[in-house]
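Report on the structure given below.
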Amino acid sequence: MDRQRCRTLKVLENRPVGQSEPASRFFELVLEWPGWSRWTPGQFVMVRPDWGAELTWARPFSICRADERGLVVFYQVVGRGTERLARVAPGEEIAVWGPLGRGFAVEEDTPTLLLAGGIGVAPFVGYALAHPAPEKLHLVFGHREPLARYPFAAFPAPVAKENWHEQNPGDLQSFLARVREQVAAHAASGLVLACGPLPFLRAVQAMARDTGARAQISLENRMACGVGACLGCVTPDADGHRVQVCTHGPVFWSDAVNLDPEKPS
Amino acid sequence: MSAPDLSVRLPGLTLKNPVLTASGTFGYGLEFSVYGDLASLGGFVLKGMSLAPREGNPMPRVAETACGMLNAVGLQNVGAEAVIREKLPRLPWRETAVVANLYATSADEFGELAVLLAARPEIAALEVNISCPNVRHGGAAFGQDPEQAGLVTRAVKDRAGKTPVIVKLSPNVTDIAAIARAAADNGADMLSCINTLTGMAVDLERRTPRLANVFGGLSGPAIKPVALRCVHQVRRAVDLPVIGVGGIACARDVLEFILVGAHAVQIGTANFTRPDTAFRLPGEIAALMDKLGIQSLDELRGTLKA
Amino acid sequence: MSAPDLSVRLPGLTLKNPVLTASGTFGYGLEFSVYGDLASLGGFVLKGMSLAPREGNPMPRVAETACGMLNAVGLQNVGAEAVIREKLPRLPWRETAVVANLYATSADEFGELAVLLAARPEIAALEVNISCPNVRHGGAAFGQDPEQAGLVTRAVKDRAGKTPVIVKLSPNVTDIAAIARAAADNGADMLSCINTLTGMAVDLERRTPRLANVFGGLSGPAIKPVALRCVHQVRRAVDLPVIGVGGIACARDVLEFILVGAHAVQIGTANFTRPDTAFRLPGEIAALMDKLGIQSLDELRGTLKA
Amino acid sequence: MDRQRCRTLKVLENRPVGQSEPASRFFELVLEWPGWSRWTPGQFVMVRPDWGAELTWARPFSICRADERGLVVFYQVVGRGTERLARVAPGEEIAVWGPLGRGFAVEEDTPTLLLAGGIGVAPFVGYALAHPAPEKLHLVFGHREPLARYPFAAFPAPVAKENWHEQNPGDLQSFLARVREQVAAHAASGLVLACGPLPFLRAVQAMARDTGARAQISLENRMACGVGACLGCVTPDADGHRVQVCTHGPVFWSDAVNLDPEKPS
């Protein structure tokens, strides 16, 4: 076993993407290569800068890309942890453990639909780059911020890609209609993979159920440990058992989990 | 100078070092085996188990707080028999102390659990959780009343045979010494303290509690001062070894608890801040003892000038 | 949108905003008058006073902890008569609520203090400290036993005339709701919670406690989850206004306590992190309410979906 | 009253002094000028970088110099707060309140002895620069680290100064002997001012008592608030009353305070 899976990695780059204002919310973080022997797109890492004790947990991020040049994470600043992460300078060291969890299915011969909402596009970059037949891939990407803030250009050329910029009321509906159309198109002999906000995943789950498509969705439950120990990140599976998203997921077959919000008891 | 002696002698149990991991924060140990050598730990306490499997509380179950966290997992576990069948055979129990953490809703049920677990050669000790704030029945209620605490302790001790019994105390009480005495008087071999402090967090935008269970247990560095105080009070009240728990994150913290009188410690929330925390501690403790000129933990233990 | 309404109606007392400062963390107000306008606060609670002057505990009296601090000041104060003579005349009491915080070692003494202070026009309310962990006599002992808490409350209330009486609760109890009920049943007009959690810190090199008094009171952001929980439990147990205290550092924290049901709040340790903290809060609260679309505190108070 | 006494000031410089290694422990911090109308050498400021909630208190530092170019603090890295302070970069803003407490007496016509131990030399820089008759000043400075790490060169030329580098056992005794000699020399008609570690101040207090010298000493009790409110920094005065060092001091007449350690009760 690789007992070095928790590493202290040097930051190579950490910079805002697609904008120049100081108030940037989208960042690309490049870390020195952790020397992994193996990883799967859709897996994630826990990341913890040396930020002291006030913030207790590390933060989970999808692996955006990983190769000899480095481990790349793509993140959006949404709260205290990501704010502090955005202030980390190249040369500083941060704790990283992973690759964690179960990634997306890769099926060389299957037309594969990639459904991404917002920052949920991150893991698909690595997915497309690692895929043996990228021409089988079709990305449908919905986003609110300008396209340049996301790693959209990073997809290899053979991938068919389209983006839907939600700016006006109604744009979301058009995007979801397009998603539904494409899920239906992939229902018979394709594979559907989705990553994005929970309401979006719920919609995709329903579409897959309705059309019979084989679909996988990637969940982003709040995580304290990332390794299956704290039982903080659980989601009910299809049988109603609560399973850890960090180890049983984050990628699940869409019919294997129950995404309805649990009622506080 | 020779390497400091980190070993700890406890009733019916010798640890190679004072570093155990705390129940509920280290899974069944297996989750952490890629981050370090389980056998290098003094021991680890398994996730709390009950007779029947439990699904625990609904989501959300955890919330981050200033220098700490809240949890209301609600003792989700696969049940003692499944643990015995599926987990114990995979653990390096000959090389390190594997402690079972027991939860039940009645003294009788606690007794039944004790019978099951004490019979297992893999289990070095039983830790009785009478202090969980996250379950509706039993849990902290047993730990908040000396009489109940005594009854539960007795029920477990009577059925534990030679397996030593650790009673885990709650800080959510007016007089922790009284609970400690009740446990001691009813056969506890050791005490561990503390379990979490009852707390709460809310989401202002949604106007909801951050935990589905509303209340949860506060852990992490935030509670270290309370844990140190409890260990000190308990050590002065009873003549049993105490295992210190609460906010321990580094070698210095460990030695502070030993200084106050703890025999060993458990690492909880710090396992989340870095999964190799516990594995790094024995070496860091030895280095710090070296720096301070302390040869053995016995030399330091309980020497606080107070 | 018009400016949100920050005023708070309490029994016998209207505050212009919910921001008070906590006893022992704001001196006699005067220490902070160069950092802001005292009259802009909802009110401030004076350092705890006793009948006779007290020199308090020896040094060291304070220690920093993770997201918090310990104090064992031991109620050093110049005595009620000196406070009345030397401090009250200098306070802007017509423009803001000045609250006296009372400490005594018997119910009778509490009564005497109440007579002295309730007679003063400068004093808007009496806060009864039955929860100080840092004194040998009285202090927390009164706050840890419902019967004692009731007796002290009654002694003060009977002698307070029209001056409203706030009873300040300790979190160091098994059942805070029971203490709250005892205070309510004996005439308390309001409750404030929480006082500090009993804690301890040690100096590993010197092998000494970090506080000369060994034990001290833990305050600051670390305890906010415990304070929120206590406010929630107390509000469900009794039908009195509650003033939330414990770890409040920003406008969001204030509104969280209101959401859980507090009428007003007290700022303690945060006065040390920046002496203008309390002065900045009313404006920041108004801005946050505006952002959240909340017009008045009444609209938010106690609306937690739990 | 100046209601702006707590200010958020921009850091102009924050750099190690007298050494180039990264492990430097001595720093000079220059902050933008706070616009004070008045201050006295020996007064201090409370300083709190935007370091989050983990460290609860600001940290007290003597005012080393203050003029239109900026507010200068000279500090040694000894723990968590000063470690974090040392990482603050120019351009960042930090909270500062002051000037606080009571400074040293300034007596234009009196020969004045400045006794400094280690970092305790800091307030004397400003004292000497502000003194109307620096030729009346005599600095006796004892230090453990190389001289270049302290602001020794910053004293104006007319000040008579001598430094004692404690490197070997016995050096401390020679230094203290010299201090005693100079205190005695200033006993009749001079003024003695001391700043440094507590044992050093105790020694100076005893010498002043023995020789009858008028002496002031600057205390460094641990402080939570700096403004007289928390009662955390108290010291017993000559009558046994506990008084706040932050407001009654930090500079006291040496016969006005009792420096014997209090016994835990």
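Note that the chains are named A, B, C and D in the order they appear, and that numbering of residues resets to 1 at the start of each chain.
Here is the rule we use: contacts are C-beta pairs under 8 Å (C-beta built on N, C-alpha and C of every residue); 3 or more make two chains touch, one makes a residue touch a chain.
All figures in this text were calculated on a predicted structure; none of them were measured in a lab.
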- [ ] Could you run down the chains that neighbour subunit B and subunit D together?
- [x] A, C
- [ ] Could you grab the centroid distance between subunit A and subunit B? Build each centroid from C-alpha atoms only and quote it in angstrom.
- [x] 35
Open item on the list: On a C-alpha centroid basis, what's the spacing between subunit B and subunit C, in Å?
Closed with: 34
Task: Interchain centroid distance [CA atoms averaged], subunit A/subunit C, Å - done: 46
- [ ] Among the residues of subunit A, pick out those that touch two or more other chains and give their numbers.
- [x] 53-54, 264
- [ ] Identify all positions of subunit C at which a residue touches two or more other chains, and write them in rising order.
- [x] 65-68, 208-209, 214, 220-221, 306
- [ ] Treating touching as the only link between chains, describe the layout with one word: line, ring, star, complete or other.
- [x] complete
Open item on the list: Going by the contact rule set out above, which residues of subunit D touch subunit A in the complex?
Closed with: 51-54
Task: Contacting residues of subunit B [partner subunit C, same complex] - done: 65-68, 70, 144, 172-175, 197-202, 204-209, 214-216, 218, 220-226, 228-229, 232, 247, 252, 255-256, 259-260, 292, 303-306
Task: subunit B-facing residues of subunit D, complex - done: 53-54, 264
Open item on the list: Can you tell me which positions in subunit B touch subunit D when the two form their complex?
Closed with: 66-67, 306
- [ ] Spell out the part of subunit A that touches subunit B in their complex, as residue ranges.
- [x] 1-3, 5-6, 48, 53-58, 95, 97, 221-222, 224-235, 240-242, 247, 262-265
